[in-house]
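Have a look at the structure below, then the notes.
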Amino acid sequence: MEMITRLYPNDWVKDSIMYKRGEGKGSSGVTHKLTEDVQGTYIYTMGPYSDPVMHIKPGDQVIVETRDAFEGAIKTEQDKPSELLKMPFLNPQAGPIMIEGAEPGDAVAVHIESMVPRGPKPQGTCCMIKEFGALTGTYYTATLNEPLPEKVRKVDIDEENVYWSDKIILPYRPHIGTLSLSPEIDSINSLTPDNHGGNMDLPDMGPGTITYLPVRSPGGRLFIGDAHACQGDGEVCGVAVEYPTVTTITVDLIKNYTIEWPRLEADDFIMGIGSTRPLEDATRIAYRELIYWLESEYDFDRWDAYMMLSQCGKVRLGNFVDPKYTVGAAIPKKYLK
Amino acid sequence: MEMITRLYPNDWVKDSIMYKRGEGKGSSGVTHKLTEDVQGTYIYTMGPYSDPVMHIKPGDQVIVETRDAFEGAIKTEQDKPSELLKMPFLNPQAGPIMIEGAEPGDAVAVHIESMVPRGPKPQGTCCMIKEFGALTGTYYTATLNEPLPEKVRKVDIDEENVYWSDKIILPYRPHIGTLSLSPEIDSINSLTPDNHGGNMDLPDMGPGTITYLPVRSPGGRLFIGDAHACQGDGEVCGVAVEYPTVTTITVDLIKNYTIEWPRLEADDFIMGIGSTRPLEDATRIAYRELIYWLESEYDFDRWDAYMMLSQCGKVRLGNFVDPKYTVGAAIPKKYLK
Amino acid sequence: MEMITRLYPNDWVKDSIMYKRGEGKGSSGVTHKLTEDVQGTYIYTMGPYSDPVMHIKPGDQVIVETRDAFEGAIKTEQDKPSELLKMPFLNPQAGPIMIEGAEPGDAVAVHIESMVPRGPKPQGTCCMIKEFGALTGTYYTATLNEPLPEKVRKVDIDEENVYWSDKIILPYRPHIGTLSLSPEIDSINSLTPDNHGGNMDLPDMGPGTITYLPVRSPGGRLFIGDAHACQGDGEVCGVAVEYPTVTTITVDLIKNYTIEWPRLEADDFIMGIGSTRPLEDATRIAYRELIYWLESEYDFDRWDAYMMLSQCGKVRLGNFVDPKYTVGAAIPKKYLK
Amino acid sequence: MEMITRLYPNDWVKDSIMYKRGEGKGSSGVTHKLTEDVQGTYIYTMGPYSDPVMHIKPGDQVIVETRDAFEGAIKTEQDKPSELLKMPFLNPQAGPIMIEGAEPGDAVAVHIESMVPRGPKPQGTCCMIKEFGALTGTYYTATLNEPLPEKVRKVDIDEENVYWSDKIILPYRPHIGTLSLSPEIDSINSLTPDNHGGNMDLPDMGPGTITYLPVRSPGGRLFIGDAHACQGDGEVCGVAVEYPTVTTITVDLIKNYTIEWPRLEADDFIMGIGSTRPLEDATRIAYRELIYWLESEYDFDRWDAYMMLSQCGKVRLGNFVDPKYTVGAAIPKKYLK
């Protein structure tokens, strides 16, 4: 078991599906700024009903100011999350960004280029929230036990490290926790992942990777937020090191690329992503999507793919806290040539 | 995401819990051979009712001849698993080995030193078995769908590689799929993992690692088998590259080391292991055990451990096929100093 | 085990919570007609974004023309559901109906008075839909098995019976499969139940019962549809005897009656309702809600309620097909005096 | 929803599968007494390794003295379960009883004729046990919450009623919580249900019903215990009204009646039974077994059976507490003619 989540390079992107098949050839040279001012009010539910904040073309770059998952409400270690946070107004998202030409049946590619902590002396926030997390009774895993205590941790971060405590320094491994297009007719709160993307909390979804999302609404309607300076598999207490960023993405459009669930590509692997409960069903979706992918684009026989993944497939546990769980199933690219 | 399961070194073992606390100081210098002849009939259920095949002292080394999970019954790619395999007589185990002095409340440490393919021209076997595996209806996830087709793959292996196909060569990453002590009064078939160990199918349980198992029956009663030349996370079709080995282990005894679930130690991480269904409950067990471990032996506050694992915990999916699922939750040792 | 779902009387309603605490005293004497013409386009997602079709006052009666779950598209036993149905445009709902004065923190009570088959020669429809149902791999329980065959059954119904086949006549036991208020900011497709109500598919939710739903959006926004002429526990193939009706309801408003999940009241029992996956979590929610109810309104000690329900609680399995499962947990009223 | 579990008559038994196909024609006229003295030590694990306490012939009657699930250890409401109970020595079973001629591939039929409270002033016991029950974190649903408080209730019982409290009198609805044959090679603790039967906790398994169990070990090896004076669906706190009884059963043998899971027959329904986790999988097993039953013995087409059960199937939640969950799926006999 390798214990450290990698940093991914950007220089492989010219070999990516996005670059080869994107309408914008992976990059158009045009840059937009989605600042706090441009965004105005951040969004808490992803669907076709919110007003667009920006229109872009395939291949355009967008520099996004993301807010932390608590929208900055937790300021000190003495704060009580239960007094400051109000469901479902958690995990604010920037967007929706409309991508020109995106229609149901297409996919939108999101290349995360970089994530930089925002503010003069950047800090991240972790906390324990009542009846939230994997090792406690929750709203859905309903028990009669007393909730766990509330706790807050404020930690300094820079582009090298997360300064967790006097003794423990963790490497800075930024990634986007929540990335979505709009469902067709539903609108889904920003805490929940599903086949539109959403709150997947996959530590691999960082700079140097490309996420492909299925378009189900005209224009795609891209939402982004929930940056983590680092996160363990499963985000087990329910909260990563949440922080505000300047995140730079390039967004491209692949016409007639019909996928059911989000997919992730990095320099050295491809990953299918599933989100539901129970956790075995999320894992089933992720592996099935990966098999379908190997079959349709890499010339594998279905049963060969199934048996081979039994020997070399890799699983990443993402969101493992309410309301739904996310799993990624991956294969190294070196086996795909 | 690192895509390759590591090989672990053995030279760190002098710093292990086994070495520091074991009755045999990690090694006694005495070696036993558990050959096919000594074993006689292999075992399909792990409990206190079978006759011991060997008695050893803490720190003794045992060289074990393991059989493949099908006991060699599947010989060609034309074979039909449904005609050759008969439940519950799958996954033969060597043992039980009695460890002198082992009593309930103690733990037995099993250091896997090496795993060598057995036979003149070693081959491994993978197959698809009716109503078995993660992406099919099964005995427990009962559906009315037609079963998937039966398939067999025979692959050459050596201590470098698994020669999966003309195009694809996988690295040799040996590990023990099934490792158990006896439950107190139950006897559990060798396909099922639980708190006694059993069919955990964790790719990390290979040479260079130490597994700690709770003693629940006098003498501990150690069983071992189910070697895999390599395996993907979850062993998704239900079968790894199954092969016969000569596996060398050192077995030690830690008195008054009361643990509820198996634990794994390598040069650079420690891992708690949980096995049950649904998969979220297996993951909960694994993380909770790891937190208890950090609390009792590494001087962590419980809530600090919980929040820190949310930032740096690593999850490995082991057995993800019937009848129970296994998950390991790990932390790098560098954060434990 | 009693094998037949009961018919419930209406004459007990004067003793109901709705009657005692409702703003409209259980009945205002005013009647509205929500015909197909008034409704216009039926609705497939329940949220705060659709245009109201009607405004009523607490205690008003509404006579609703419901469509069957396939909106009449399946006309003969030779039809292929896969050619006629298009996700997510299934399970059409009438509404939203705005209830004057309804605010977050209140509950809306829906008394179903009667359900009458609609049309000159009423028929119901049952079918098997690909990758839908409890005993098949599905969109979320993803397998690689071939889907089950498609089948359609058209059956005559009247207010006495469902004429299933030459040999088998089932009693007419009408109920509403889908009943909702709006979530606060989400909009949820009509196939999915959750804490807003939705596609609960509880055979008990028929004429003579009252459902209490939590208000989370101003006006409540009531949606209703998915009538079943009869249904077994779990609706195991995914489809009941779906039919169009004239359904008469009375809708009342209980101010400051803050509940988290839907609740059901009949002449002789009260029921808590939970909807999520896995099924044990839905059951946990249902029982916990029932305990909270006994505690807050019937003067039970929490642990007394918990232990007593272990002796006399009754569980009804509702929706047991994708995407979420519904369970009701009930207690006879005779133990509540 | 009918709120009361029925009492079943015995006079229908002459029309049962047991009577028609049993080697002993449902009754041999011979009676055995399995008293506490004959039993000696009660059994906590069901397998092929324990010494028989009795040999009977098909159709013989056995009068069994069962102990309560705590073997009488909890005597007052001031007792602490955590001080008196020791896992896995809970839920003592009488047996094993050897049935002459029983071989793998056969089924054993157990007709419960009567259950009478034992002792001069019979009492039952309910309690809350730490980390045990459905609405608390448990050994398998591992959380970090503090356990619920320990509570004990001692209640008077007679053959009419369970005197739960000053205000609440529950009807006496006796049933056997745990009924097993032996697995083939495993031995399973008496708290766990699976395909051998075991701790199913189905309120329907009372006097007047017949349970069919698959024979997997020569002689069948019948175990019986865990009488409940009444129990709600799911036994939600983990404990019913546990009491010692004199239970009279008739045991018959049906040759070449190969079933995978236990089945239940009463005067007016037949029921398939499944036990596993998660709860949806237990429900899937129960319904699939019922469909197989309708297909093989009642001349149903598979898809007709599946669609019809969607209209009239009934589900009973049995054991809903660790380590596995039990569900029964039933159909009224009137639809089987």
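Every chain is named by a letter (A, B, C and D) in the order it is written, and numbering of its residues begins at 1.
Just so we're on the same page, a contact is a pair of C-beta atoms (placed from the backbone, for glycine too) under 8 Å apart; a residue touches a chain by one contact, two chains touch by 3 or more.
Everything quoted here is computed from the prediction, not taken from an experiment.
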Message = By mean C-alpha position, what chain is farthest away from subunit D?
response = A
Request  = Select, from B-C and C-D, the pair of chains that is joined by more C-beta pairs in contact.
outcome  = C-D
Query = Taking each chain's centre as the mean of its CA atoms, how far is subunit A from subunit C in angstrom?
reply = 35
Request  = Express in whole angstrom the distance between the two chain centres, defined as the mean CA positions of subunit B and subunit C.
outcome  = 48
Key: Rounded Å distance between subunit C and subunit D, as computed from the means of their C-alpha atoms   = 33
Two or more partner chains touched - positions in subunit C = 135, 141-144, 148, 277-278, 284, 287-288, 291, 306
Key: Residues of subunit A touching subunit C in the complex   = 44-45, 47, 49, 88, 140-144, 184-189, 274, 276-278, 281, 284-285, 287-289, 291, 302, 306, 323
Message = With touch defined as at the start, can you tell me which subunit A residues reach subunit D in the complex?
response = 135-137, 141-148, 278
Key: Contact footprint of subunit B on subunit A as seen in their complex   = 1-6, 126-128, 133-135, 148-149, 151, 153, 162, 164-165, 167-168, 170, 203-204, 230-241, 266, 268-269, 271, 277-280, 283-284, 287-288, 291, 303-304, 306-317, 320, 325, 328-332, 335, 337
